[in-house]
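Naming follows writing order (A, B, C, D and E), and every chain is counted from residue 1.
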Amino acid sequence: MHGKGLRALSLVTFAALAATFALVFFYAPLDADQGFIQKIFYLHVPVAIVTLVAYVVAAGFAIAHLRTGNRQWDLRSYTTIHIALIFNIVGLVTGSIWAKASWGHWWVWDEPTLVSFLIVFLLFATYQPLRFSIEDPERQARYASVFSIMGGAFVPLNFIAVREATGYVHPRVLASTDGGLPGSMAFVFVIAIISVALLFATIVAYEISSKNTSWQIRALRRRALGDDAVTPLGRTAAPTMGTSLRGAS
Amino acid sequence: MRPSLALLRKDLLLERRAPESVPAMLLFSLTTFVLFHFGIGRDEVTGSLAAGVLLVTLLFAAILGINRLFVSEHEEGGFDAVLMAPIDRTAFFFAKAGALFVFLVLVEIVAMAGFSILLLGVSPWPTLPGLILVLVLLNIALSTVGTLVSALAIQTRARDLIVPLVGLPMLVPALIAAARACAPLFAAGGPGSIPGKWLLVLGLYDLVFGLLAYAVFEFLLED
Amino acid sequence: MATAPAIELRGVGRRYGERLALVDVSVSVPAGATLVVFGPNGAGKSTLLRMLATLLRPHAGSARILGEPLPKRDWEVRGRIGLLAHEGMLYRDLSARENLRFHARLHKLPERRVEELLERSELLPRANDPVRTLSRGLLQRVAVCRSVLHDPELLLLDEPRANLDPAARALIEPLIGRVSGRTRVVTSHDPAGGLAEADIALGLRGGRTELLAPAAEVDTIAIEALYR
Amino acid sequence: MRPSLALLRKDLLLERRAPESVPAMLLFSLTTFVLFHFGIGRDEVTGSLAAGVLLVTLLFAAILGINRLFVSEHEEGGFDAVLMAPIDRTAFFFAKAGALFVFLVLVEIVAMAGFSILLLGVSPWPTLPGLILVLVLLNIALSTVGTLVSALAIQTRARDLIVPLVGLPMLVPALIAAARACAPLFAAGGPGSIPGKWLLVLGLYDLVFGLLAYAVFEFLLED
Amino acid sequence: MATAPAIELRGVGRRYGERLALVDVSVSVPAGATLVVFGPNGAGKSTLLRMLATLLRPHAGSARILGEPLPKRDWEVRGRIGLLAHEGMLYRDLSARENLRFHARLHKLPERRVEELLERSELLPRANDPVRTLSRGLLQRVAVCRSVLHDPELLLLDEPRANLDPAARALIEPLIGRVSGRTRVVTSHDPAGGLAEADIALGLRGGRTELLAPAAEVDTIAIEALYR
């Protein structure tokens, strides 16, 4: 059984998202100089933060995979990166919209978070092609883990380098020198981060359990119908598991 | 150390027997300088533009060398025979990173000469000490990360794509740091001093990624 | 005196992705003996050899080579095994001599050994040509030299005589034949010739053991039945 | 024409089996824009600098694609079997150049979008008609000369070196012409008109090198 | 009626750089006959076959294949020759079926022919696997199919049975054996087996002709002498 606790997680996530939504639109104050568009902040920043954290967490899973050889860790690492990539794109798009609305450009180079976010995306965008170009599932898993460990270390290091290379031209809403966020905004912001993180975790949990289930079905079919009756998997970037060998992991 | 040396020697022998990587990287760099000259329509470059052109070119040239680093091992299964020898697998790492380092130094010597003649708007001599320091730090980054990426790519079916795709972004922080460190060296008014901050970032990159690459390398050699 | 067997496999299995290449193979080979592996194309013979060479790890079962468990302690047996595979496992741009010297250095052997092998396999006149320019049979001879260079205790030979002319076969016999006195695992598609050099015969089919018996108790008809 | 189509179909099949060239060229272009940003330290580029950055990037991306054009032919001697088939050898030329042209167009569409967003200091829309004209002419140059170079390189042992080494210098004139033609399009004050002189040079290059490549191509396929 | 010989070589020579691989080879093979080429490793057998396949041009002498002079009119004979070389000459990432279909399209053949060959060589269960993942012997079978796909008049076989199991040898016999009724040039390292299928025997040594006679007039001792 792979669905344990999924329902509870889904419900909590749903509730958190609904609450965030309500708070953002009905409670959080309207920003004085950016107006309504500023509300994208509650989507963009949490998504960006969760994405970056997720890449680092995926590296942790990858280390666990290399240490234990248990392919479930590779599956976790893969799924985390997969969803983080999607969040990464959402972050880039919402950031762009925000930039267009507030500065009139789709892209600016002097926002270090933004630039490093793009570079991180360019690096992790190669994760799937890398996996896809390795056939043997064991090797694919191992190589992907090596990549994701490097990637995990890359995220903060890259951020340091990019941040140092750009000035602080634009006002920051959060963690800036001039007083920071108003209390009500900060509150909503924290709630938003929590619910985006929950959303992330839920999607990851769903993907993991769906993958595990389909492997199990496959293994059962192979056992029932014989190995040759089941169509071969073919090349895939997703982790696969050979399950029909006695004692195999 | 002995096996590392034997491996390194073999790589240098292969390169001498069929000189490929070094002359190719060299010619590539010189051609790229010419391309830049026409592309950006400047006769001379100084400051950050000079640092950028030089380092972007070296980075692309390094990618060429990284691409070929494990090719000879792959053909005809020669690697398997080496894997069966009673040597520590990290010996490969040192041998390959060493070979790449040597290649890069050779390329940089000539490329730097070409760059000074073709594009650089200031005298290269006063910049030398600082430049050497930055390039050594950069070469460590290129050769450790490059060795890892090369080993990663060689077992895939699309080596020549995986190497630039994974290698370029991975090396962006090193490039940024090196370019920023070099920029004052090429300042139009005479070389300024290298910002210590950037040497630190570059050194940090070397340390973190060098150690990491070394640590995870052997997982790439296993079945 | 009961010396440990040179090879001891118990229920060994290996997959490529989902395809089973070896299933539940158990075999024990005493030191000094020759195991000949028969089986139709795709039976898993090469896979078995690569696994014994520590290049592929078993996915199931337990394997002991020269007394050490695989893959856990594979570094202990590295350098004591010689593998001759379908491809030459050589650097195409180096000459035969350079290839062998390189391996000699890795195994900490004197260069004398390289010259001796080049001479014994009559490769001296071509020793300085890049192996890329050698004909298929000459390449095979270099590969043979490479596989026995470090005087391995266990020799794994994948169709060692393919592409060799009759004279060359005789020439390398002292290196890889029974007279070399090593423990050997040899694959063969030649029932009569294979049996003649075997102490133990193993018949594979679809990765499964179809036949395992002392060679003296097997006749060519039993081997030929494998291919049906 | 039939054999050309069979060959093209096989290439597209291989690319669909493992989509490699196109996404790789794309990602490569975007990464290169980022590298340029940090390398030359500009937030926005216009005029000849913009033309230079765009075209040098496209050229490098094209090199990646050219590199892989004949790879599948080379492995395992599959090419020899094709050479023995009763087809006109120029069928190869059209099949390969056609595939490359298609790849380039796909890459340019996305790369241009990325360039406009990331680096270009002027609005891309007014430049479009002129830009398309220049890029089509450039693509003809890249795909004909690229096919030739790729075929040349595949028979050597150092494909990934020969392609940039021979290809880049050979394409320098096309690059110069294209860069000069594009520069006024990206002028800070709004697009100027393309200098007819440079279009002429580019067209002449296409004509001469296209015909030449076509003519000498079959010699590359012979022993 | 005097039909033109299928192969007519007169004083043909071929170098690789400075190394002579073939010197002054003259041989004539009537249509439908089988020429078996013997010779030690490096004798020039593969070189000869690649030349007959129009892949290498002769550096000296004159060659006529299927009535057309080489290399001048080689396009006339292309598509009428099948070559089976040491390597498989296949696209590694395409499956057996896709490889054969591609060649079928080049030669304007119906897909039926592909399925027929896959079935006759018992490759159907593996027809959709990339050939890269096939064992050496299975690969060889695909290569055999490729070489006879277009029903060539002249078949050039470089050690066609290497790496094949006995059953597979029997399986492909109708495709490439004497019964196929084609003109054939076969290289062999097996004196007895080679002579048995030969009409004409050619013995090479260092690129020079050491023996050229109707097979009926040659015995295995003469062949074995080539290797001494």
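What to note about this one:
Everything below uses one rule, namely that contacts are C-beta pairs under 8 Å (C-beta built on N, C-alpha and C of every residue); 3 or more make two chains touch, one makes a residue touch a chain.
Since the model is a prediction, treat every value here as computed from it, not as a measurement.
Among the remaining chains, those touching subunit C and also subunit D are A, B, E.
The greatest centre-to-centre gap from subunit E, using C-alpha centroids, is found for A. Summarising the inter-chain contacts, the pair of chains with the most C-beta pairs in contact is B-D.
Spacing of subunit A relative to subunit E, judged by their CA centroids, is 57 angstrom.
Mean C-alpha position of subunit B lies 47 Å from that of subunit E. As a whole-number value, the distance joining the C-alpha centres of subunit A and subunit B reads 31 Å. Centroids built from CA atoms put subunit D at 35 Å from subunit A.
Within subunit D, contacts with two or more other chains are made by residues 17-18, 20, 24, 27, 31, 34, 38, 157. Touching of two or more other chains is recorded for residues 93, 133 of subunit E. In subunit A, the positions touching at least two other chains are 119, 122, 126, 129, 133, 135, 165, 232. Across the complex, subunit D meets subunit B through its residues 18, 20-21, 24, 27-28, 31-32, 34-36, 38-41, 48-49, 51-53, 55-56, 59-60, 64, 67-68, 157-158, 160-161, 164-165, 168-169, 172, 175-176, 179-180, 183. Within the complex, the subunit A residues that touch subunit C are 135-137, 222, 227, 232-233, 240, 242, 244-249.
Per the touch definition, subunit E reaches subunit C in the complex via residues 16, 19, 39-43, 45-46, 86, 126, 133-138, 140-141, 159, 162-168, 189, 191, 224, 227-228. Across the interface of their complex, subunit D is touched by residues 96, 106-110, 115, 118-119, 122, 125-126, 129, 132-133, 165, 235 of subunit A.
Contact residues of subunit B toward subunit C in the complex are 2-3, 6-7, 9-10, 13-14, 17-18, 72, 75-78, 80-87, 222-223.
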